[in-house]
């Protein structure tokens, strides 16, 4: 144990970061069930498969390309060269990959029930391999971040503060989804002669399960974002909890007891707290979550009913809008006079939010636009009518029920 | 890392306690699915929503009121004032809150399928904000516990020993549920002209999922109850496991392969082992679990069929009776001559159990009695018939199935 | 905290090992749901019950018998005698037990839908109490392993390398299942007049849930197999991830988007990476997973359609074949020239794989053969037709649906 | 013979079945159906969107009886199923030309 | 009176119901059925094994109408349910001897 | 034309369908129903409480055929569905006045 104790801090950091990584990995099961519950039965299998395949493809893409873009480390070499610090860098890769993999999982919820499998997965490869890492490199990574954030600090007095990715992960994912959704168009029958005809979801227990898995895993997402055990902060944990509570209570109040708004309200709160969870007051976190739920409820209805955008899970308001709100909220509730820890600039945050918005929408249009040209994005009418399960996976979610009589 | 290593013990305690807190948070998903599976389809959404909203409301109540009652610490101040020891106290709050939030989740299972949402949630606020903290302050907390436990020790030779809350959490919750259940009365059609007409449950896989989530999370509940990493005990972990095994095998034997008794038997064993998990022998833990399953099976049938109390999930026998059994069992199997670690008094335990019973029943009657007067507890006949999902949340668990044809 | 810091390394090892143990415990929920989803509705309850009772019976058997066979430690003594190092040995028991309990859970998937409950559970007792511990003692344990592995090393230049149990756990379990499956025979209606008539599975979302739970828990299975925190390896974690990704992508490619092959492909990859996860290159791990999925897809179809063996979940190809493949793969991809860390012998691995195969098949035939003689293995035709749920547990998975009309 | 088809409220099934057994009916067949009629459906609300549920769950009972029993059976059903509120349902009488008991091959009134 | 039974494609239900309402039908009963006919089923594939799904989901509409309305109702259904593709379904006309409204006990055409 | 309605044991459906196809039936409609009759239900037990399940799952087959084929079809069903054990079910023959193929508007025997 003599030797052991010396490398204990390093072993511990691996353990710590790995706990976070596995927790975020589990969030992907959450994404899968959230979507499976929110689509119709005939698209449940597709929802589940998209997410699990996504994670795998993102793993490859980020290992081979993305991580070296953002963090200037290449892993294509003998194992002996990867074992420095007991493989700490590899675990860091695992942890950060889990963020990268969220981008496509977020998009998935927006484009559900009508998108082809191949272009969807191809997009996932580029999202985790290129699109996300470039933005990561700018805000968090080792490549451009020092210079860029230095410049931001010079202009606004503080760098863009995004502790756990309200903007870098959720904002980015949510706004990349928008062009994909627009390029696809609404599901058949969603808007008939300009009138909205809501399509009922299949399974609220699945949705609730997905939401719970996401909530639990999110504590890895936020807490372990300190990346070093010695920097762990109880404030981050409790702020995450308070924002969840705010989001849920907001879902009850603004969503009138609606189970969809309540379970997604928790996620809205969590999206919004990521950026400032290390600096705001727990009471501030509660308010951030409450407002996030308000934003989600109102913007979701506006998006669906007024703008007539068929964003099935509401990922643009949930991740997109609330990601930006989270970034800006850190610049408000992080201030000392609102009982935050300070050291953050409202204008830098606003700048970060706008930057995220612009980068995401442009990147999304280019990526999905190109894929639309090259492979087409959308299932044929008949395939969509049959359901993605049958037309892509040749089986439905409950085979026994189909075959029996 | 120089600085880091010095605060490592403190960082570690945060990590440790937080792992426990998050595991117990996940147990609430377990409560939700256990209930969703045990009620009829028309009340599944309500089961899920009650639990998740509960946790949120308890978070607020315990943050603002409860924690300062039990632990004499007020959190309403700037974030800088919360960051001592990297926010350790906040994480302790998170951990202990998760116990507080269990009370209402336990009650939920008893009053399922017929209670109004508003009084249910209001009760949850007072349970986590006042009722539980007062009792916690007496047995565990910083306010009255030193004096009170000193007095108990003076009388009985040892203080009331309740390592992880057989009495303080489960006993309290289970017995608070009883008055609520009695004040509500049985579900429509449960007892017709004095005859018992069992109402079939909806979904055993959900119930099993809930049970598994609870089992897994319970290791955080028990192990991290040491609250300090350096006090972690392998015995606590293995005793929890042995009691689970005893409860499950008891469910098989006494419950005749019934999946409900088996999956709840695990929980019965876990409820009963909380109090003495740090002092009994693993073989003793197994027996404690076995007896707990026996108690649950027999008392559940007696309660439902003879006493005609419509306790839907059987929370009075499961948490109430077995909580007390756990307290007493620690006083038996904790003794050295039964291979325990000793240092525990049978009479102190019995006293603790009775105290729990009396406090819980009285508090429950006052709280739910007052709410009944003020807002009424029960859904109207028509609402109950329609189901809580439709009448409270205006949607059912499987919307697509309803709307299709 | 003075005292605390001295025993910190020991406390930490308990925490670490316990995290692993609980993660593997959760895998049993994964086994339960994987099976519940893959059988017909009328056997879902039985699937769930088998696994949870299994774990309990294995706990008893391994505590009383198995652990002392493999590790020469007897736990039947006063608690004070178990508290050395804060109960570290107990936690080690918990961790290793979780491997032992997998054996019967693996068999369960093969014999589903037609086996009697009593002999199934009895077998589980002997598997965890005797059959597995003997093999464990040979490869990993304290009893014969030093001498035996010394001999292997003498012959082949390196001992049998099985870091986390590709062979010792999965290979063993998978091949023990084969005789059980053969002794039972196929389900009624599975092969009619020599023609294969596939029986549709009930629930892909349950299957997916089971798969996800297994994937997440597997990181405890592999990473914590270092058993000491100071030996934690980032490589193990990332290799597990890469093999999962390989298995999933293999499921997509070789299984043609089939959700069953994709979700089981992940598991195939994980089975295969256990043995060499500490020594192969992440790219090697990806290829190992890819090949594992290929093996699973092809062998599953061959087993079912050509050999006409009714292995319901495909546990022989999944755990049996891929367990052996994992052992051998460690001997290939672990070599330095394939960017592995070296120190492993191909021939020792091949020998280990064959040894596993022979031991498992012989032990399985003896155990299930004896039980067939003594108690009979198979439900009566009528019981099988009614379903195991009704005939063994007297209830179906969705009681409300049955009773309603 | 006549086939009596009744569309009733689901929670009345038990009562109707018991009443029919009492007047000597030995067999019947039921199925889940959805009805549309004077009884209004309701709306469900999810995430701000309304779903109109027009079709109300009903139970259909089919019972084939000898001509002599038909009127009695109709009355029995009507009495047992009545709540007096809209949506109680209908009973229809349809001619049946023949009946066979599959097990024995018996024909006509003996078969039912 | 006649009972008109129509087997139609499920996604046509809404249209048929609306059309019937327009021609003065105030009540009808629907149920989920599976059909076998000229329209071919499809195969599903799971883990390399094929399942043939012969029976195709259809919706059955039952509506009892006075003799005078029968022809009109048949035509209305046929027009509303037609897509022109195989599997559109059938309409059958069956005699009904009597009808009762359970709520009121009304008989005959008044009951429907 | 006649409508032949058969209530059979679910696991006999495949056989009956195949037998009917052989005698020239080109279309039929099936649905899940529950039956109550001489065949006793069973009890289920959950947490010490008994549920009596009276209604047994059956399958209803409806097939409309020309008068000339009716007897043949009845016999075919009876033969294919028989196990000889209680609960095998019934076949009923009901007059049909008209039939329409929705796709083409064809009427009468041509429509089926």
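The letters A, B, C, D, E and F name the chains in turn, as written, and every chain counts its residues from 1.
Just so it is clear, a residue touches a chain if its C-beta (ideal position, glycine included) is under 8 Å from a C-beta of that chain, and two chains touch if they have at least 3 such contacts.
Everything quoted here is computed from the prediction, not taken from an experiment.
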Kindly list the shared contact partners of subunit A and subunit F, in label order.
B, C, D, E
Identify, among A-D, C-E or C-F, the interface equivalent of B-D, where equivalent means over half of the contact pairs coincide by residue number.
C-F
Between A-D and C-F, flag the pair that has more C-beta pairs in contact.
A-D
From the mean C-alpha coordinate of subunit D to that of subunit F, what's the distance rounded to whole Å?
18
Once you find the CA centre of subunit B and the CA centre of subunit E, what distance in Å lies between them?
52
When centres are defined as mean Cα positions, the distance from subunit A to subunit B in whole Å is 33
Would you please write down the residue numbers of subunit E that are in contact with two or more other chains?
30-32, 34, 44-46, 51, 55, 94-95
Which subunit A residues reach two or more other chains?
8, 12, 19, 200-201, 209, 256, 258, 260, 394-396, 399, 402-405
In their shared complex, subunit F is touched by residues of subunit D numbered 3, 17, 26-31, 62, 64, 94-103, 105, 111-112
In their shared complex, subunit D is touched by residues of subunit B numbered 390, 394-396, 399, 402-403, 405
Subunit C residues touching subunit A in their complex are 8-9, 12, 16, 19, 40-41, 200-205, 208-209, 211-213, 215-216, 219, 223, 228-238, 241-242, 244-246, 248-249, 252, 256-260, 262-263, 266, 279-284, 286, 336, 339-341
Considering only the defined contacts, which subunit C positions touch subunit B in the complex?
1, 3-5, 7-8, 11-12, 14-15, 18-19, 21-22, 25-26, 28-29, 32-33, 36, 44-45, 48-49, 52-53, 55-57, 59-60, 63, 75-80, 82-83, 85-91, 93-94, 117, 206, 209, 392-404
In the complex, the residues of subunit D that touch subunit E are 2, 6-8, 31-38, 54-55, 58, 60, 74, 77-78, 81-95
